[in-house]
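Look for subunit A in each of the two complexes below; its partner is subunit B in the first and subunit C in the second.
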Partner chain A sequence: MINPFVFIALPMGMAFLIALIGHQYKKSPDFLANLTMGILFILSAICYGKSTIYYIGNWSPSIGIPLVLDGLSGLMLIIINFIGFMSAIFSIQYIEKFYTSKLRYYGLFLLTIAGLNGIVLSGDIFSIYVFLELASISSYALVGFGCGAEELEAAFKYLIMGTIASFFILLGIALLYGATGNLNLAAIANVVQSQGFSDPIKIAFIFLISGFFIKAASIPFHSWLPDAHSSAPSSISAILSGIVVKITGIYCIIRLVYNVFGATVLISHILLYIGLISIILAGIMAFMQTNIKRTFAYSTISQLGYVFFALGIGTPLAIFGAMFQLFNHAIFKPLLFLNSGSVDYQTGEKVINKMGKLNEKMPVTSTSTLIGSLSISGIPPFNGFWSKLIIIIAAVQANLIGPAIWAIIGSILTLSYYSKVLKCCFFGKGAQFNEEKWKSFREVPGLMLIPVITLAFMCIIGGIFIIHGYNGFFGRPVKDIINGPLWYIQSVFGSYK
Partner chain B sequence: MIYALAITVFMVGLYAVCCKKNIIKIIQGVIIMEYALNFFIILLGYRKGGIAPIINKITDMHTFAAQSVDPLPQAIVFISILIGLGLLALMVALAIRLYERYGTFDITEMKKLKG
Partner chain C sequence: MDNIITFFIAVPFIAGLLCLFIKRPAFYLKEAISLLISIGMFVFAIGLFGFSLAIKTSGYATELFWIDSLSKFMFLCITFFTLAIIVYSIGFMKKAPKLNQFYGYILLTMSASIGAVFSNNIILFIVFWGFLAIMLYLLIGLGEHPDTAEFAKKSLIMVGGSDSLLILGSVILIFLSKSFFFSEMKIPLFSTTAILGFFCLLSAAFVKAGVFPVHTWIPDIAESAPVPALAFFPASLDKLLGIYLFARIYLDIFMFNPDIQIIICFFGSLTIIIAVLMALNQHNMKKLLSYHAVSQVGYMVLGIASATPIGIIGGLFHMLNNALYKTGLFFGAGSVEKQTKTDHMDKLGGLAKYMPVTFFSFLFAALAISGVPPFNGFFSKWFIYQGLITEAKNNPSFVLWIVAAMFGSALTLASFLKIIHSVFLGHSKQEKVKDSSLWMLVPMVVISIICLLFGVLWWIPVRTFLLPIIHTRLGIMTILGGISLNLGIMLIIIALIIGLILYLFMTGKTFRKVPSFIGGEQVNPDMEMSGTEFYRTIEETDFFAPLYRFAKKKYFDIYDIVKSIIEYFGNILKKVQSGVLNTYITWILFGVIVLFLLFFGV
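So, the complex of A and B:
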């Protein structure tokens, strides 16, 4: 069995190795970073569906730090390392054209991956905070990587919002430690389950959940996301939208709500309505954007609203839908962001109105954007349709007819703003289309097309994961979530010898 | 009561981050918040008349358990200070680059991003 510690140690060690030898050997950052991500992806695929707990230093779980690899962590590890791998392949030529220092780029990239892997594996709330800061600080630096005026402005905004969120989380952790006398998630769950929600634990929970909502950029807390995700290099936008928001925000909320505190009716309602507001309002805002990357960034808020919506419903079918939607969003949103990077690579444009007729010059890019857009808008038979269908069926089964109708309206809204992008950029032309410039465009190099084609293929066949239902691909994570705190306590404390 | 002081200082820092227009003052607000948090965490392990949590050969374990302060918050604060250092370095570096691009520290004049 693979030691889970590898997922943290390997990228972190490689980040420092690249920083050391990157100056002497110019090709080494590309090679080492892609090799690392490839190895991590294979390891995470091997680990999927297995569960193991590694006690660092063999301390007992109530004192030491356990690394818990269960079904939910396994799913998140696959998402992180797969999207990281795709984005690393794309970066090889994309970063060469626009940005200067590859060794700094790949160093920060691998540190972000190490932080994210650490968050999903850690079974100790303070280590979650430390890895959260590792991932966040590297991604602040990556957003401002280009050092242009807009990038720096976005990075500073992201940094301030992210820092406030981190401090809320740390304050929540401190209050939780004061109330329960423990930092281990399973031990905290034990205290909460035996003593109930006392007042200090309630306050700590409010601070924690508001911090994680800022990280997840749900609607009242969303203001940093469109700036940060649209200003970053496209390969970084792909991992920010595809994994960073999910892991630092949604994964932590799922773990705390379902495995530590237990989902009460009030918490479920908060998740449900925050999700619903995010779907509708972010959809309307996305429709009004003129920058292609800002449209995609607002769409991230809207689509992740479905995950919160489904988590708020809380039935096993809805949790299944939430996991499926989370996985699908991690496939098609990086695809769209990488395609916006390809368009930027060839045309140097991000404004929708100035582009047009790219389907004649860039057939692969425009076809894969079409597949991604249809998939995200929920058109059958692509993967996005099945996850939204499951979520809406679950809402109807739970007697939430009104919210289900709003979720369908949100899906139609998604289709409308993706049609706008497709018409202006790829299959029609915008108002300020420049014919002269258009003649010199051609398809991007082959190395940038490999991740795009892979992700588009995943969008087409993604629907097969629905087969076997609870016994299939998403069975383990869903079971781990609905089994609740008692199962988590048992699995962490039970296997220590 | 002293916990209320820590929370008050935290709120002062939050006010500075939310309401000030100068980037340097915002950074100072972040630092104030961080110090207030560290202070709060240290207070959690405080015990009146407590002894340092160090075990040596002559320590009696019963008096140690009854009198020593909690060492875990001290370790947490240590890590938290290190993270704060990295964050501060990044913030100041961004502030310097922003000043080079815009020629001002006033955030109300930095509005190239809309939305």
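So, the complex of A and C:
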């Protein structure tokens, strides 16, 4: 069995190694970072479906830091390391053209990955906080990596809001520690389940969940995201939208709500309606954008609204849909952001009105953007359709027909703003299209196409993950979520010997 | 049976993918593959039709697919029109390099449509149906008009958006019937949930078929999409599939509800009138045809909505006929456009001399669509009127719909007079043009002959294709006895003969034939009035003038209405997302306070 600690130690160690030797050997950051991500991806695939608990330094459960690998964290590990790998391959040539210092880039990149892996593996709320800070601080730096005015402003805003979130989370942890005397998640769950939701625990919970809502960028906590995700280098936008928001926000909320505090009716309703509000309002905002990356950024808020919506419904089928949607979003959103990076790489433009007719010059990029856009809009037979279908079925079965109608309206909105992007950039032309510049465009180099083609292929075949339902790919994580706190307590403490 | 249907779906699908990957130099290979596949599928469809009909007439269900007389009929239609369009395209696509991917898309579309009509599992149906929206988008995108991308986007949003509604409707179906299979569904249409589900499915069917008010993508793509794509989608395939879905949900899946019937009939007759009025003032022949493609749907909807056996037969027969003559008309328009390089009626004229075959096949199709006997359009309209009259005994509101249908029919004839006059008659405004190549003429001629045959020998298609469909549903085989068709035909034929006699005998004696003149001068082409100015008076009457003006500004276009609503809310939201950090933090605090209130306050 693989020691889960390797998921944290390997990228962290490599980050330092890259910082040490990157100056001497110019090619080493590319090579080492991609090698690390490749290994991590393979390891995460091997670990999937297994469960283990590892106490760092073999301290006893009451004071030691446990690393818990269960179905849910296994799924998250696969998502993190796969998308990280894809983005790392893309970065090799993309970063070369626009940005300087590769060794700093890859160092921060690997630290982010280490932080994210740490979050999903920690069974201890304070180490979750520590890893959260690790991931967040490296991503603040990555957002401002271009050092232009816009990037720095976005990074600054991101920093301020992220710090507010961290403050809320830390405050929540302190209150929780005061109320329960524990930092271990399973032990906290034990206390909460036996004592019930007392007032201090409620206050702690509100602060925790507000902090994580900021990280997950749900409306009205969302306002940092459009700036940050659109100003970052595209390979980093792919990481941010594809995994950082999901792990630092949604994963933590799922863990807290379903495995520690238990989902009450009120909490479910909050998730449901925050999801719906995000779907609709962010959808309308995305419709109004003229910057390709800002459109995608708002779309992230809107699409993750579906995950919250499904979590709020709370039936096993809905949880299944939520996991599926989360997974699918981790496929097509990085695909779209990487493609926006390819477009930027060739044209140097982010404003859709200035682009046009790229399908003649960049066939792979435009076809894969088409696939990604159709998937995210829930057009069959692509993967996004299946997850939305499951969520809608779950909503109607739970007799939430009104909310289901809003979710469908959100889906039509999604289609409309994506087809706007498709029209202006790829299949038609924008208002300020420049014919002269257009003639010199070519398809991006092959190394940048590998991740794009892989992700597009996964969008096409993504529907197969639905096969076998609860016994299939998403079976374990769904069981871990719906079995609730008692199961989590048992699985953490039961297996310690 | 599953295996053979999987085969029907898989073969064109694989061939389509193959065509997408064949590069330019081997273009003839694409043509050969698609021609072979479409001929093969057509033969299979005939085979399936004959074979299973002999063994079993009632529908039966297997796991994923079902075969009943309706789906077999649809299969035959799909393969026939695909074949016709592929043959036509081989002629049309000569020297049109941008249309490289056309054959691949056509074959993929064929595969998905076959899948859609045979699907018994509702999820499978949605998958095929949604795939069609993508193919529609890609096919329209092949056009070379400057606005192509804009209108491709519009149709993707409308058709794809209706797919989302289809998903919701289907999920409600699954919820209500506790089954994934069409064949097991029979849902009473009275609860709010059922009505919501019904309207979701109905809107998907209506967007596809093009019923007011969700028809607006069809006239828009008419100018920009390539002609074979027009003949394929709005003219034939989308009508077939949209009406298929409508018939399925209205007749099979949901039980009858008279209030819903009135709503549907209302939209059906509104479609007839509005679309035909819009057609009257068009200057672009493809756009004019596309408004008729919308208008004719109203008849099918009315016929099926009457829920009488004769009306349903009329509706389905009209669906078939409309697909035939509308394809023929678009083929004719494409042939004119290909030879003259324009589709504006102002710039055309006198082509009957140069393109006689195109002219006659266009004329046949135009007579058919206008409902002139003995062409097929007359008979299907006749059935529909019969159905409406029968139903009017139960439901007096049907008198209104009959009037609307007749009014629409008259205007249809009027607008075809305009197109025939301005394109084919009058003075020639073009250099010498030749008639199109044989690849294009053959399907046009075949289709116009079928239009005539299905009229003269109307009982053959009705008995072969349509009666089994009615039979399995209502158990009626001998409804044709109740139709007083012969008297009507007699009267019309007598009227025609009298007209002919009057024409032959009167003209020779009372009038003298001279070339046209104005103010004593011979008319030269500059002075001639173009047919495009016909019916300006209608446009300028007090009642219609504002309506036409609003229509030109797209006030009636549901797409633009919804778009401006979204933009209104979007502008409000943009003010909130101001870029000022303090505002953002206020929003976060607001959220936290709301959470506190929820947990403690209430």
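The rule is simple: the second predicted complex is superposed on the first by the 497 of 497 C-alpha atoms of A that agree within 3 Å, B and C clash if a C-alpha of one lies under 4 Å from a C-alpha of the other, contacts with A are read in each partner's own complex, and residues count from 1 in each chain.
Quick note on the criterion: a residue touches a chain if its C-beta (ideal position, glycine included) is under 8 Å from a C-beta of that chain, and two chains touch if they have at least 3 such contacts.
These numbers were taken from a predicted model, which means no experiment stands behind them.
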More residues of subunit A are touched by which chain, subunit B or subunit C?
C
Name the contact category of A:I164: first (subunit B only), second (subunit C only), both, or neither.
both
Would you sort A:Y140 into first (subunit B), second (subunit C), both or neither based on which partner it touches?
first
Taking the superposition as given, does A:P220 touch the first partner, subunit B, the second, subunit C, both, or neither?
second
Quick check on the superposed pair: does A:K388 touch subunit B, subunit C, both, or neither? Answer first, second, both or neither.
second
Answer with first, second, both or neither: which of subunit B and subunit C does A:I460 touch in the superposed model?
neither
On the A-aligned overlay, A:F126 touches which partner chain: subunit B = first, subunit C = second, or both, or neither?
first
For A:I401, using the defined touch cut-off, is the partner it touches subunit B, subunit C, both, or neither? Pick first, second, both or neither.
second
Once the shared chain is lined up, is A:V364 touching subunit B (first), subunit C (second), both, or neither of them?
neither
After overlaying the two complexes on chain A, where does the subunit B footprint on subunit A coincide with the subunit C footprint?
157, 160, 164, 226-227, 285
Subunit C contacts subunit A in the complex at 123, 126-131, 133-134, 141, 148-150, 152-153, 156-157, 160-161, 163-165, 167-168, 171-172, 174-175, 193, 196, 563, 566-567, 569-571, 573-574, 577, 579, 581, 583-585, 587-588, 590-592, 595-596, 598-600
The residues of subunit A that touch subunit B in their complex are 126, 130, 133, 137, 140-141, 144, 147-150, 152-157, 159-160, 163-164, 167, 170-171, 174, 177-178, 183, 226-227, 230-231, 285, 289, 294
Tell me, which parts of subunit A touch subunit C in their complex?
157, 160-161, 164, 168, 202, 205-207, 209-210, 213-214, 220-221, 223-224, 226-227, 266, 270, 281, 284-285, 287-288, 374, 377-381, 385, 388-389, 392-393, 396-397, 401, 404-405, 408, 411-413, 415-416, 419-420, 422-423, 427-429
In the complex, subunit B residues that touch subunit A
10, 14, 17, 23, 26, 30, 33-34, 37, 40-41, 44, 72-73, 76, 79-80, 83, 86-87, 90-91, 94-95, 97-98, 101-102, 110, 112-113, 115
